[in-house]
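After this come two complexes, each holding chain A, first together with chain B and then together with chain C.
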Partner chain A sequence: MSRYTINRRHFLGASSLLLGGAALPSFAWGEGEPIKIGTLTPLTGSGGPYGPVMADTVKAVVDEINAAGGILGRKIEVVSEDDQTNPEAGVRAARKLIDVDAVSAIVGTWASSVTTAVAPLCWESKTFLATVSGADSITELPHQGYLARTQPNTTLQGRKFGEFAVAESAKRVFFVSPQTPFADSQFQNITKAIEAGGGETASLIYDDKKPSYRSEVDELLRFNPDAVIFGGYAPDTTVMLKELYRAGYQGKKIAFAYAVNEKLVDSVSAEIVEGCYTIAPSSDESSTAYQRLVELIGVDKPDPYTVQVYDQINLILMAMAAAGETTGTAIKDNIRKVSQAADGAKVDNARDGLKLIAEGKAVNYDGASGPCDFTDKGDISDSSFRYEQVRGGRLTLVKIA
Partner chain B sequence: MLAYLIFALTIGGVYALLALSLNLIWGGIGLVNLGLVGFFALGAYASALLTGAGLPVLFGWGGAIVVGAVAGLVVTLATARLRDDYLAIVTLGLAEVIRLVALNERWLTNGSDGISGIQAPLKSALGNQGFNLFYLAMVSAVVLVVWLVLRRLDRSPYGRAMKAIREDQELVGFAGKNVLGFKVQAFAVSAAIAGLAGALYAHFQSYVSPDHFQPLITIYIFLAVAAGGVGRPAGGVLGAYVVVFFLELTRFLPDLVPSLAPAQFAACREILVGVALILVLRFRPQGLLPEQIVPAPKS
Partner chain C sequence: MSILLQALLNGVMNGALIAVPAIGFTAIFAVLRYPNFAIAAYATIGAFAAWWVNVHFGAGILPALLVAFAIAGCIGVGAEETALKQLRGAGALTVAIGSIALNTVLENVVRLFFGNDLRGYDLPLVPDWRFMGLRVGPQQLQSLAFAVVIMAAVFAFLRYTRFGKAMRAVADNSDLARLKGIEPAHVAVMTIFLGAGLAGVGGVLIGLDASIDPLLGFRVLLTVFAAAVLGGLGSIPGAVVGALAIGIAEECALLVAPASYRSAVGFAAILLVLTVRPRGFFGERAN
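Presenting the complex of A and B:
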């Protein structure tokens, strides 16, 4: 033990370092404690490829705002935690963010299970949670408004498929899909959009392990559709496309971009998949916000989650400024005032937005992932989608809208 | 800060129960159960489903114990001829099977969405802070009771017979003991404790999903038992709390090394867990509280 005795000089040195360290931030920030915002992204585990860039993006936005003077005269501090793509570890990390750091908001939860596990802690402690998870059930939780997400849910995706079919002047639309968690809600929302356009729909759920879909295709053709929407994944959609071609189907084909992907297009003969449309949620690459983001983080093609987390942090910072307060409740009550104010000036970043808010003007943020307008439940009401078509055996961009 | 400490101690209690479960089977009778998290999951889902069907919480916990014990019985009987590495592989597979069933049997488990809104006993009456304190007290009491029972078992003739099986099961067989019987009983009790831990966890978090039950937890518990002392119940309990505090304390390291990026730091935390295990095995293989072999009383 005697080797570890502390003499007076060591003690003085160590304690002045400690005290100095503790005192430093309060000198540096001048007025008031810094506002704390937590990022809870997957830095390890299966979400590991996305989380680090997401956390860096939040940091980059906050650095920029701090350099421009912070919010309400206070600096912002980002605390990053790792959810390990695991709800058990995610809850422990969220507890630390909420109880020790007392963050006003947590941004960036990625896996739906982590978001569902962390959400109750947030609404109980009145902390705002912004997430990129997609499961429909998340916004059904009793979150009292303390949760918002920028990832389109299947309701919105279904509507987009329906609206696209209507725009392609399809009147009789048939939906074929294997049993998936979202097949039902997908079909309901397609039907809603088609019926609004004066058309008719029918659907068929098939077993995705079957080697052939002859009877399914017969049933499909009996409906005499002018467009078919595929709800499946690549392997079963391949078989289905082949059967339809053999049966002489001439109408339009629409599928998810993850099903009719480049691999599928390369693996079947060109005429089978020719003319097929694909749809996928997309960042709004033509927006000024997207171009700012690319410049800010120096990544050429940021993934959708990074793009969404960029919008989330911008919105949260502006909501605090608009409220004149920095609590989670203030963010909850004001986020829609800066995301979708009908008479607000369009802004694409928080720095410009904060200036306008300081002048007492209303703002309406249009982000890099889309217009970023939220429903009362916390879903986004609209998002950009990427439409492609197979032309001459290659996927060709039709539009992003 | 206080709320965070209360939370960490509660999670420590759940880990301690798992460590007691593992210590009974691994330290006691020498069977390596790499599927611990599977029994944890069974208990959590059993209680979530039973209370979800309208039964009181205590029935849920009782159900979790029964389901755990029955699963333990089935596993030992199905693997009666397997030992060492072979048993370890089978139990590892079992935990994955349980996770995949939870993921795919939507009608029962709600699939990847998991079961949310699990009843939190007395939460509406006690409020958030009160509930957290109450739950900490209750989990700690359960840990205390289970620890006392297992310590009693450890020092009884039954415990000596178990440890004899661990050292040389043929010899114990020759001495007239029913080796399979001991194994089945020990495995069932161990699995029941893991099931109870799962039920306590489910009602604390109000949410379970297949993602909760990744093999990572089993590894943490092996670390806890190895660090605390294999073969001694108190060692497992101490080790579990040490592991939870180690995992939580490392979160505060970036304040000391601000130059590390969050992703680098997250990786460092995982490395630290591995390094800690290596250091324990190298410098204190017997654990913080080494096993005590109490000589049998002279008759």
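Presenting the complex of A and C:
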């Protein structure tokens, strides 16, 4: 038994060996010390199904760039940590990445709670943070530019609902939703889009615990809408759809894809949901970047977070090259130069982009998740969305745009 | 004017749905003297039982209602005998808390067998009829008719059958009833069967309007409880009146307040009534 006991001397010996080992590659590279980038993805917890693929994707991109000679003559090294889908574990892992590994950027934080907890460490230490979290509040943090995200927030989603209704020539749009953290911001942004198209909106926030919404539907019908947008989840949206059908509503219906999903469509009679449109953020599956990613990681239908983290690492590598420097601040100051330069040559991967940058040319990256253009606050200004419609009792793809 | 009429109409239809489980709840209270919150689970179980025979055996709504009544009633009796009966000695509050625990357990058993997915009855949905600027659903009218028939049957049962009379006797004064040779234990079992069965039928009626999932009963539990309290706990006509009053108050509230405050307005009305009349509309004992 005592053979396996670790005493202090053994521990010190072993750890100094380990530390020495870890230090070796940097000596080996001499002045071209590797550039470090951290992935902080959920390898366990509720984000567990996504995190491992995300981390592997970052490594695959970095391997490709290293094989092509690295950046500014230096190799890139990826350090992967697990945030356990837990803010406390996320903060510990981020501290390790920042203080011990001295990474220039952290990519891939998934849960909004983790991102919110980790972000202050990043901006305080001037480390760049790229995230796939969706909560509106994240880009409202005082991050001084050290944060960018590729997941569309509810402002953008609201706008897309409004623009879609306008494109479907709706003039009077009614928004019904239970009380959710994003109901207000969604309605405001729907209204902006509809009013820009010369239309009018009204809204009703209902109590989602009621077995029927007859009087709510009466109020809705008094507005005489030609399109109704549903902001709720599947159970309450089912009730609302039934009430509208009974009330003889004939106009357009638009809902979140997570509410009017296959389960809902199967659980009600076909005529109730027939013609209902659904909208969801989507990867840009028709883009060349997406096809490259599929080939690179050998996954047929990569999840949206993997797709986004692919774009993040490509952008960060090109931003470093464009800056001629590899710090978090350099990334912060240059990421928009490679993501949305008006006169830049369109590129869909960092390897091509780095060649052009080395030739002194401007680039404009269009990614696998969408065009990847960022607002000053760090939100993406546009993204691909997937539009489906219930036709003949089945969800049918209308377009990805 | 037609807006107000429509709200009243909607209120009556919603209230009738709530009235059926409220009768079950108040009947159990009348005889056993404790609020049984497990009726939420019985409503869910009834809805799922009816769904099962409707989807798998093509049963129409009437046989489905009977099956729901029988299955919810039997499960109610089984649960009462195994879980709650032992608690009765410890007082009404203990049994009430026990019934909340029982409710959660039963709800999760339903979830274990049927999952969390939404389900709907395999019945065609019929568009509303319109007349004089008002709108009524044939399905809601049907539910209203069912509710009325069920209520009439319960009244007749209590008034004209030996067992019904025994139930009323125990509810009125259980010691006196025992002296007259009525066995309270038998009456208790029958009452639970009736109460849980009615909750099950209510669950089916609610499921017809909404969709069926394991939380179906739980979502309306508070309203059912409030209807029974408002009408006077233990009074069956009271439960009906209380349910209709809540239904109408909530629907009319929509005319003056945003829909998200619907429940709040309904319950504010209850507070007001109880402040003026603590035993509710028809309650005889305020205890």
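Throughout what follows, the second predicted complex is superposed on the first by the 371 of 401 C-alpha atoms of A that agree within 3 Å, B and C clash if a C-alpha of one lies under 4 Å from a C-alpha of the other, contacts with A are read in each partner's own complex, and residues count from 1 in each chain.
Basically, contacts are C-beta pairs under 8 Å (C-beta built on N, C-alpha and C of every residue); 3 or more make two chains touch, one makes a residue touch a chain.
These numbers come from a predicted model, not from an experiment.
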Superposed partners chain B and chain C on chain A - clash or fit: fit
Partner chain in contact with A:Lys96 - chain B first, chain C second, else both or neither: first
Superposition-derived angle with apex at the Cα centre of chain A and sides reaching chain B and chain C, degrees in steps of 10: 70
Chain B versus chain C as contact partner of A:Asp284, first or second or both or neither: neither
Chain B versus chain C as contact partner of A:Ala234, first or second or both or neither: second
Touching partner for A:Asp379 - first (chain B), second (chain C), both, neither: neither
A:Leu43 touches, of chain B and chain C: first, second, both or neither? first
Partner chain(s) touched by A:Glu216 [first = chain B, second = chain C, both, neither]: second
Minimum C-alpha spacing, chains overlaid - chain B and chain C, in Å: 13
Doubly contacted residues of chain A, that is, touched by chain B and again by chain C: none
Chain B - residues contacting chain A, complex: 1-4, 7-8, 11, 106, 111-114, 116, 128, 205-207, 209-212, 214, 216-217, 247-248, 251, 254, 261-263, 265-267, 269-270
Touch list for chain C against partner chain A, complex: 3, 6-7, 10, 13-14, 17, 117-120, 124-128, 130, 135, 137, 139-140, 206, 209-211, 213, 215, 219-220, 251, 254-255, 258-260, 262-263
Contact footprint of chain C on chain A as seen in their complex: 178-179, 204-207, 209-216, 218-219, 234-235, 238-239, 242, 245-248, 263-264, 267-269, 271-272
Chain B-facing residues of chain A, complex: 39, 43-44, 51-52, 55-56, 80-82, 84-89, 91-93, 95-96, 99-100, 111-114, 116-117, 120, 124-125, 135, 137, 141, 181
